[in-house]
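Consider the two complexes below, in which subunit A is the common component and subunit B and subunit C are the respective partners.
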Partner chain A sequence: MAGRTRDRRLMRSAGNAVYAAFGATLVAVLMLLIALERHDFSIMVVYQHTTRQLPLQYQLTAMWASQEGSLLLWLTVLTGASSLVVYQNRHRNRELMPWVTAVLGGIMIFFSVMAAFVSSPFASYPGTPPSNGAGLDPALQNPYMVVHPPILYMGYVTLSVPFAFAMAALIAGRTDARWLASVRRWTLFAWMCLGVGMLIGAHWAYVEIGWGGYWAWDPVENAALLPWLASTAFLHSVMVQEKKGMLKVWNAVLVSTAFALSLFGTFLTRSGVVNSVHSFTQSNVGPFLLGFLAVAVAFAVTLIIWRLPLLRSEHRMESVISREATFLFNNLLLLALAFAILWGVVFPILSQAVEGIRSTVSVPYYNFFLVAFGLPLLALTGIGPLIAWRRASPGSLWRTFRWPMISALAGGGVLALLGAGTNPAALAAFTLCIFVAITIGLEFARGTSARRAIAGGSWPRALFDLVGRNRRRYGGYVVHLAVVLLVVGIAASGGYTSVVEQTLHRGDSLSIDGNKVTYAGLIQTKQQNSTTVSARLVVTKNGQQQGVLEPGRRVYTDVQAGQQVTNEVDIHTNYLDGTDIYGILEGISPNGSSVAVKVLVNPLVSLIWLAGVVFVIGAAITLWPDPREARQLARRYATALAREA
Partner chain B sequence: MAGGNLAAMSGGPRIVIAVSIAALLAVFLAYEAIHGSGQLLVSVAQLRSDKDGAAAKTVDLTGTAVRCIGGACSDEQAPFTFVVKDDGSNVTIPVRYASGSVPDAFANGRHVIITGRMKNGTFVAEPDSLVTKCPSKYTSGPPSGQGA
Partner chain C sequence: MIAAIVVALVVAGAVLLVAWPFVSPARELPEEALSATDRRRLELFEQRDAAYAGLRDLEQDHRTGKVGDDDYEQERKRLRAEAAAALRELDRLQ
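Showing the complex of A and B:
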């Protein structure tokens, strides 16, 4: 109503309702946390996921170990983000905000109904409350349980904001670039949270699950990757719409796709329709989520089709050798990769529906498409930032990319001579990473040199000023550098890992990648709610001790269903070359005289975690408020308004 | 849809974009043609009844681990044999897990997925192919037992 009547009192009332929803949700969260802390086993969630012996941090984070509590977390992030949106836009975007509030309000209503009536975190334990709870699964008793789910949820949930702005722009008929400015930072924030959330999850799997890997293409992992890929595509194509007024339909579709994929991800996680190590017993929320997803998609498609006449491009793409075309190819590859992953996730469901029996795709399927679409994407990461808008000539291309290409090919040749050619895909990835790193380096060098020429000062000062004046551009380059580190880490650890499995008696050794690993005996340690028996493995190289690994088996004593045994891996990291030596205790002989161990050497795997840090730095640079950018946008909007008048 | 409006491009870029989309689709088709349509995921009952020739193929078997030969499943280390029950009936099958890691969550009553093939009435698993679902997350319903 506020949107149609433009009544400011109604708009203010709607905003106040959003604030009230956030307040009410916070009260619910506080009540649940108090119940968890006080071991109130009359509440089902508290009983099912905690015990009196559980350390405090896991008692509290058990809130999101449960379906019901995680829905409350979703609602908390949603109402919090919505409140921030209302507050940020209290004096601007007056035409869009009523519709933004309405769309966000609709999403809030859905999740409120789910949390209150379908899957309530305050459901009572039937009968007399027990004196102790069932316990939290040991795999979830890890410090990452404190941060991984909340960060991922911030990523999933805040994709609602760009979606709401896109729908509002379509409803209000304001389909120029103004709505993009409002959503770009929210999309960046969601995208950053999803990326960091996935990397934290990967590290958690690496140190906890104990197979030596960090990504298994599990449906729940893919559920976070899919909206991240769609958001990545949007963050690139939005630049084309801002600069050239093109790809308007494409951007509206991308934002809607990212939001739909976030809903689809939570549907996958909670419905039990696909098999995953993250569990999924069939629950009652699946049909509701699927229904809401269908409504959201139908709503978005209807609006886009209705407003197609307003979404015509302002300019034509003149050449495929241009930055616009490069960003479009980038988008096509990202979405092709997302489609391949989505197909792999839903394939069991579709094959069951068509053939009556489920078929699955496994890791080789995903890895094939990651390489097939990822390598061209990596090349575009180096080409896109340097190629000219509108049209680039072959001559300018040669001048721009000559030295990066020659250097990359030379570097690739050297790596091949050093033995990297045993894995052609990894070698190609390394070569392209050299290309991208050089293009990034050249951009920083040229920009800093130009800044010094204008303003003088030292090189560090000029670099600082350069980045400060062009945060979006150079923050983006830092993110691209993170991608380079990530690809090198994945290619090296995926393509060149060594594995040895052996049974060792005390004093026996195994050899792996030039390292000697000697079994020195068993040790036992006690923790608050568990006891661990570990095998002491001394790692030496050329006679020098490199480190000690103590992989073990931990017995938890507070899990009600009986003692639960977990494998606790141990990892020795060489920070000079980023290589991990990874030890797994696979078994202990009945009399304890021998142990079965598995040792892996994962080259350059630490670069993956370093990439996460660089990624956050780059994203933070692009997110940092820039007064110059704000003035540029204000001038652009004034021009757009004058044109409409 | 690609490019926002293909009509907004001049002829050259339009053709290149269309060819690019066709090339991406061709990659999918080529993969399907070479590698076929995935690996069967069968229940115990489907494997016993040889649905779609499952008994003669390498398949992913799903079911619930009901007991381990020789001790508690939560203590097991490869090699060991355990019994998997069908989720919808009482049909069972023995599974031989000769080598590989045993997931932390593996225990009696846990749902498992394991890759292998039938050999002389026993399902012989591939190394490191045992996957166990995390039991506590996202289940809803009454508790399975009373508190201590």
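Showing the complex of A and C:
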């Protein structure tokens, strides 16, 4: 109504309703946290997911261990983000904001109804409350669980904001670049949260699940990767629309796809339709989420088709050798990878529905597409920044690419001579990583040199100015550097891991990659709600002690369903050669005289975690507010629309 | 009992907040819709700024060796012409 009548009272009332929804949701969260802390087992969620012996931090994080609490968390983040959007835009985007508020309000209503009537976190325990709870899944009793779900949820949920702005721009017929300026930072934030959330989840899997890896192409892991890939595509294609007025339909489609995939991810995580290591809870919310996803997709498709005449490109692509073309190829590859993964995720559901048999696709399927689409994407990460907008001449291409190409080929040749050729895909990835790393280095070096030529000053000062004046570009390059570190870590650990499984008596040793691992006895330790028995394994190399591994088996004593046992892996990282020696205790003989152990040597996994840190730095540089840009935008709209402040 | 009081306070606060713009003594005029001229001006400002940004990028690409001298001159002329055309039409609309 506010959008149609342009009544300011209605607009302000709608904005206040968003604030009120946030306040009410916060009160609900506070009440649930108090119930969790006070062991109020008359509330079903508290009974099902805690015990009196559970450490305090896990009592509180049990909120998102439950299906019902997760919905409340979704709603909290959504109402919080929506309130921030309303506040940020209280004096601007007045033509769009009524529609933005309406779209966000629609999403809020759906999740409020779910949390209030379908899957309520305040449902009562039937009958007299028991004296103790059923207990939290041991796999969720890990410090990473304190931060992993909320960060991932922030990523999923804040993708609602770009979707709301895109839909508002289509409804209002304001398909110029203004909505893009409003959503770019929100998309970056969501994308950063999804990326960090996935990496924290990968680290959690590595140190807690205990199979020796960090990514298993589990459906729920994939569910977070899908919107991240779509957002990555959008963050690149948005530049083409801003600079060239092209890809307007594509951008609207990408924003809608990212939001739809975030809903799909929530559906996968919470419906229990797929077998996943994340299937901690199953519930009846699946059909509702699927229905809402269908409505959201139909809504977006209808609006995009309706506004097609307004979404025509202002320019045509002049050459396939141009930066806009590399962005387009990058988008196509990202989407192709996303849909290959999506097909792998939905295939078991479809095969069950069509043939009555649940057929799953396995890791080689995903790895094939990761290599097929990932390596060209990696190459484009190096090529894109070095190509000029509009078109590039063969001469300038040769001048720009010769040294990175020659260096990468030489580096790849040296690695092949050192034995990396046993895994051709990994060798190709290393070669491309060298290429991309050199292009990034050259971009910084040439940019800093050009900045010095203009403004003078020292090299560090020129570098600081360069990054400060072009935060999106150079923050983006830092993110590309994180991608290089990530790919090197994945290729090395995926392609060159060694594994030995052996039963050892006290004093026995096994050998792996030049390391000697000797079993020195058992240790028992008690925690608040568990007891751990660990094997002490001494790692030596060339007679020198490298470290001690103490992988164990933890028995949880407070879980009413019976004692639950988890693997507690131990990892020794050698920062000099970048290898992880990873120990898993697979079994203990009844009299404790021998243990079955599995030891892996994983090369360069640490680079994956380092990539996470570099990724956050790059994303933060890109996200950091640029006062000059903000002033320019404000001036532009204030001058163009004298009535808008 | 405490829960009922909390719920009542939350509901009352929400109702007051939502109703406030209608009961507040401050009167606000309806937002004026954008005219066709406003929209065109906005488009032209965007075109002008896109051309300026393009010139800045071109300058950087030229200085870092990604664009040769001939391409640089040609592209610079085109972007300047785009900015000038937008500015001319903006002058007419003022």
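The definition used in the following text is that the second predicted complex is superposed on the first by the 627 of 645 C-alpha atoms of A that agree within 3 Å, B and C clash if a C-alpha of one lies under 4 Å from a C-alpha of the other, contacts with A are read in each partner's own complex, and residues count from 1 in each chain.
Note that in this section a contact is a pair of C-beta atoms (placed from the backbone, for glycine too) under 8 Å apart; a residue touches a chain by one contact, two chains touch by 3 or more.
These numbers were taken from a predicted model, which means no experiment stands behind them.
Contacts of A:99 after superposition on the shared chain: neither subunit B nor subunit C is touched.
Of the two partner chains placed by the overlay, neither subunit B nor subunit C lies in contact with A:153. In the superposition on chain A, A:389 makes contact with subunit C only, not with subunit B. Using the contact criterion defined above for the overlaid structures, shared-chain residue A:111 touches neither subunit B nor subunit C, since it reaches no partner.
After overlaying the two complexes on the shared chain, residue contacts for A:430 are found with neither subunit B nor subunit C. Which of subunit B and subunit C touches more residues of subunit A is settled by the count: it is B.
Of the two partner chains placed around the shared chain by superposition, subunit C is the only one that A:8 touches, whereas subunit B remains out of contact.
Of the two partner chains, neither subunit B nor subunit C is touched by A:58. When the two complexes are overlaid on their common chain A, residue A:259 makes contact with neither subunit B nor subunit C.
The residues of subunit C lying in touch with subunit A in their complex are 3, 6, 10, 13-14, 17-22, 28-34, 38, 41-46, 49-50, 53-54, 57-58, 60-61, 63-68, 70-71, 75. Those residues of subunit A whose C-beta lies close enough to touch subunit C in the complex are 5-13, 16-17, 19-21, 23-24, 27, 31, 94-95, 176-178, 242-245, 386-393, 395-396, 399-400, 443, 446-447, 450, 453, 470, 632, 636-637, 639-641, 643. The residues of subunit B lying in touch with subunit A in their complex are 1-5, 8-10, 12-13, 16-17, 20-21, 24, 27-28, 31, 35, 37-42, 46, 51-52, 54, 60, 62, 72, 74-75, 77-78, 99, 101-105, 107, 113, 128, 131-140, 142-148. On the subunit A side of its complex with subunit B, the touching residues are 41, 44, 47-49, 65-68, 70, 119, 125-126, 129-140, 209-211, 246-251, 253, 269-270, 275-281, 283-284, 311-313, 315-320, 325, 328-329, 332-333, 336, 340, 343, 347-348, 351, 355, 357-362, 364-365, 368-369, 372-373, 501, 560-567, 584, 586-588, 596, 598.
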